[in-house]
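Same chain, two partners: chain A is paired with chain B first, then with chain C.
And now, the complex of A and B:
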């Protein structure tokens, strides 16, 4: 199948799902419940799915499990909150939303490039450790700094621009924008990995020495991949900040960083769609876990689920469904080692 | 800054480095032999500290002098036991799958932190050092300085020397060093490598537990401390070099001093100094100051 055809088909299918799901919800549920699902569960799944996509992109095609993606999204969120008109307290202020969002995305790309440059000579588990250290360190910096980030309290009142006379945070408006962004980024990733750049990146993942011997600049490819992931995370960060009406250190702390990793792993690090599968599972779980188990012990529950997934299916829900499918069709399992 | 203040800041840095060394040496030891990045190392610190506190409190209420010493033993034993369980039940059979092990320990750290919160609540706690280690000691140039902080340095020195002797002068140490270099060969020589791994895990975890009780005597114990000490252990071994005790000591010194000096000079930007050190080391020596190139 040619690339254009793949993208067209995936795009149509994605658009169909993203349009049909809300429609089905409106048909199946009373209006207020359907709006709750769209505004609180689907929108959240899309936002964090976008941020998780940046991690899944790096992990799947580059082999980098970066824990700094929540931090990069947070940098976009903070730059937006710092620069935009109307945010409380005023740190820099004075910019309209288009300009502020542009600066936020620029900042997230730069942050992604910086993370890539710092981690460029390390691999695997070292990369995980270094990016985690960066993420937690940035969190502690933000939490203790009042001048730039307003410390523990964070920056509030980032409402987003009005879209065609309707509030940005209106559930249907937000859902439309979030799903459009998610679909474009998802297709963008599928496109990118078929380009020469994407192919070189996957070659580097499999055998950096060989690709280097072929004349490719391995270091540059890796850093650029982190920059692209930074852009993806930044889009998610901007949306998350508007969704949460602001940003505070808690939204980029260790807990948030780990939650993002949980989403990606639970969904599956084998394909970009895993990011959205994982974030949807997480959002549903997050919303309804309280009624399944002790409300205060949500973390124990999510930790236990995460543990079980890692133990039985290291490649997440995607791997699980693939394995179930093979089992049902009675095919022997391939000898591929788990992730 | 006056000379006395500068000396105090540096001494504070050294005492903090001592605590970091105790915690991070356990992390580094486990990584060195098994290539396991134990993301639950901060949880082991918490387990040691909270179990130690559960032992300490009733004894302290009865005014028994050995309450704190018993807490140290209990904290180390609890952390070691937990570490052994982790290694035998979960991590041992996925040896070699580093990322999966890291994910498992992350899941564990989430569960442990939450369960400890459920058992012990969110109120900060602090050990009271025994009378012999309490109060202050007069030092030249600085004046009176809390005795317990000096004890911290003593503990770190004892741990450092003890680990050096263990690794370089005992049969177990020989096996550990051989295992770091070539695990399959060690197994082929007839050594029970999984058993050595469990022992090393117990030792590394016990050091985290020791750090937990010492740390919770010097500064309050609360939720979120696990993240802080995990981060510190990560940065210390990244800077110092994985699996090297000397490297861990150097890393702990750099990070401890940077943190204290940074806080004295530019309080709200001090974290950046720590990360500057990490970035510079990574740029020049990706394997860490004392780490060996892979």
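And now, the complex of A and C:
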């Protein structure tokens, strides 16, 4: 199947799902509940799914597990909040949303490139440690530079621009923008990995020694991959900041960083769609478990869910569904010797 | 006429171990050159020095008249040095065609291309031809992880051929092949175009001798004999160090 056809089919299917789900919710639930689902659960799943997509993209195709993606999203969020007109308190201010968002995305790309450059020679557990150190370091930096970032209170009142006369944070408007962004980025990733660059990236994942012997610049490919992941995370960061009406250090701290990793692993790192599967599972648990139990129990619950999924299926919910499907159809495992 | 390869007194130490010492070797263009020797003789290390996996601790590497000694491995792929590895180094998560595509594109510009380039269709045709040439057409769209050992060796050869090499360096291409798979490999080696210079490490004299013009025997990091294949088996030193301990 050609790349164009794959993208067209996936795009149509994705669009279908993204349109049908809210429709089904409106049909099945009273309006205010449907809006709650769309505005609070689906929208959040999409935002954090986008940020998780940046992690999954790097992990699936490059073999790099980066814990700095929440930080990169946070950099976009802070740049937006610091520069945009109307945010409280005024740090820089004065820019309209289009310009502020552009600067935020630029900052996230630069931050991604920087993370890539800093971590360019590290792999596996060392990569995990160095990106974690960056994330924690940035969190401390934000928290302690009160003049720049307004400390633990953060920056509020980032409402987003009006879209066709409706508020950005109107559940249907927000959902439409978030799902459109998510779908475009997802298709972008699928496209990218079939380009010469994307193929080389997978070559680096499988065999860095061979790929450099073949004439590829591994360092450059790695840094560019982190830059692209930075852009993806930045899109999520901008949306998250508008969704949360602002940004504070808490949203980029260690807890947020780990939550993002949990979403990605729960969804499965084998395919980029896992990012959204994981973020949806997480958003559902986060919403309903928190109302059943208190906050601390939620953490143990999501921890338990994480453990169960990872124990049953090392490649997350995606792997789980694939395994079930194979079981039902009675097909052999992939990789098993052909009969 | 410039030689394909000229090694002058190259050596490599790994700590206290002198894996390759004072090796001087000239391979004229178009020659089929076999390198024999017992395990640990330094043959693979010599290849790695030529291909730039690491620099020599002494001496000079010149390929096609250009000093390669300090050049990175990637540069050598671009000037037409293709190699295979003793243990296959393939991209196991990708298909046969994708492996070949990566190898084809490695040798030229536009490798960082974020959009499929104009030559994309041509690349895919080239990769398909290569897959046929190493007799893997029927496995072209299978993941490398599902290939048999013999098929992986064939793909190794295809990857080395992808940069349209002027100098092809094969590290024990027959290693681990079943007796049934060997004739196929021999045929593939015989079918290589005459203008390709071939340097071949081979444990098995029955594979190496019929296709080579010149044979170099190494032991303990040094060249001990250099002879034509018809005279090599009569050489007493060779008989003592190589044939004496059995082979194959």
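Note that in this section the second predicted complex is superposed on the first by the 325 of 339 C-alpha atoms of A that agree within 3 Å, B and C clash if a C-alpha of one lies under 4 Å from a C-alpha of the other, contacts with A are read in each partner's own complex, and residues count from 1 in each chain.
As a convention for this text, contacts are C-beta pairs under 8 Å (C-beta built on N, C-alpha and C of every residue); 3 or more make two chains touch, one makes a residue touch a chain.
No experiment lies behind these values; they were computed from the predicted model shown.
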### Task
Check the residue A:27 against both partner chains and state whether it touches chain B (first), chain C (second), both, or neither.
neither
### Query
Touch check for A:217: first (chain B), second (chain C), both, or neither?
second
### Message
I'd like to know which partner A:207 touches here: chain B for first, chain C for second, both or neither.
### Response
second
### Task
See if chain A has more residues touched by chain B or by chain C, and give me that chain.
B
### Query
Regarding the shared-chain residue A:146, is it in contact with chain B (first), chain C (second), both, or neither?
first
### Task
Figure out whether A:164 sits in contact with chain B (first) or chain C (second), or with both, or with neither.
neither
### Task
In the overlay, answer first, second, both or neither for which of chain B and chain C A:310 touches.
first
### Task
Based on the superposed arrangement, let me know which partner A:199 touches: chain B (first), chain C (second), both, or neither?
second
### Query
Which chain A residues lie in the overlap of the chain B contact set and the chain C contact set?
338
### Contacting residues of chain A [partner chain C, same complex]
3, 192, 194-197, 199-200, 202-203, 205-207, 209-217, 220-221, 224, 334-335, 337-338
#### Entry: Of chain A, residues touching chain B in the complex
65, 118-119, 121-122, 124-126, 128-130, 132-134, 136-137, 140-141, 144-147, 253-254, 258, 261, 265, 296-300, 302-304, 306-307, 310-311, 314, 338-339
### Query
Along chain B, where are the residues that touch chain A in the complex?
35, 37, 39, 90, 97-100, 102-104, 106-111, 113-115, 118, 227-228, 230-231, 234-235, 238, 242, 267-272, 274-275, 278-279, 282-283, 286
### Summary
Given the complex, residues on chain C that touch chain A span 51-53, 72-75, 77-78, 83, 85, 89-94, 98, 101-103, 105-108, 110-117, 120, 143, 145-146, 159, 163
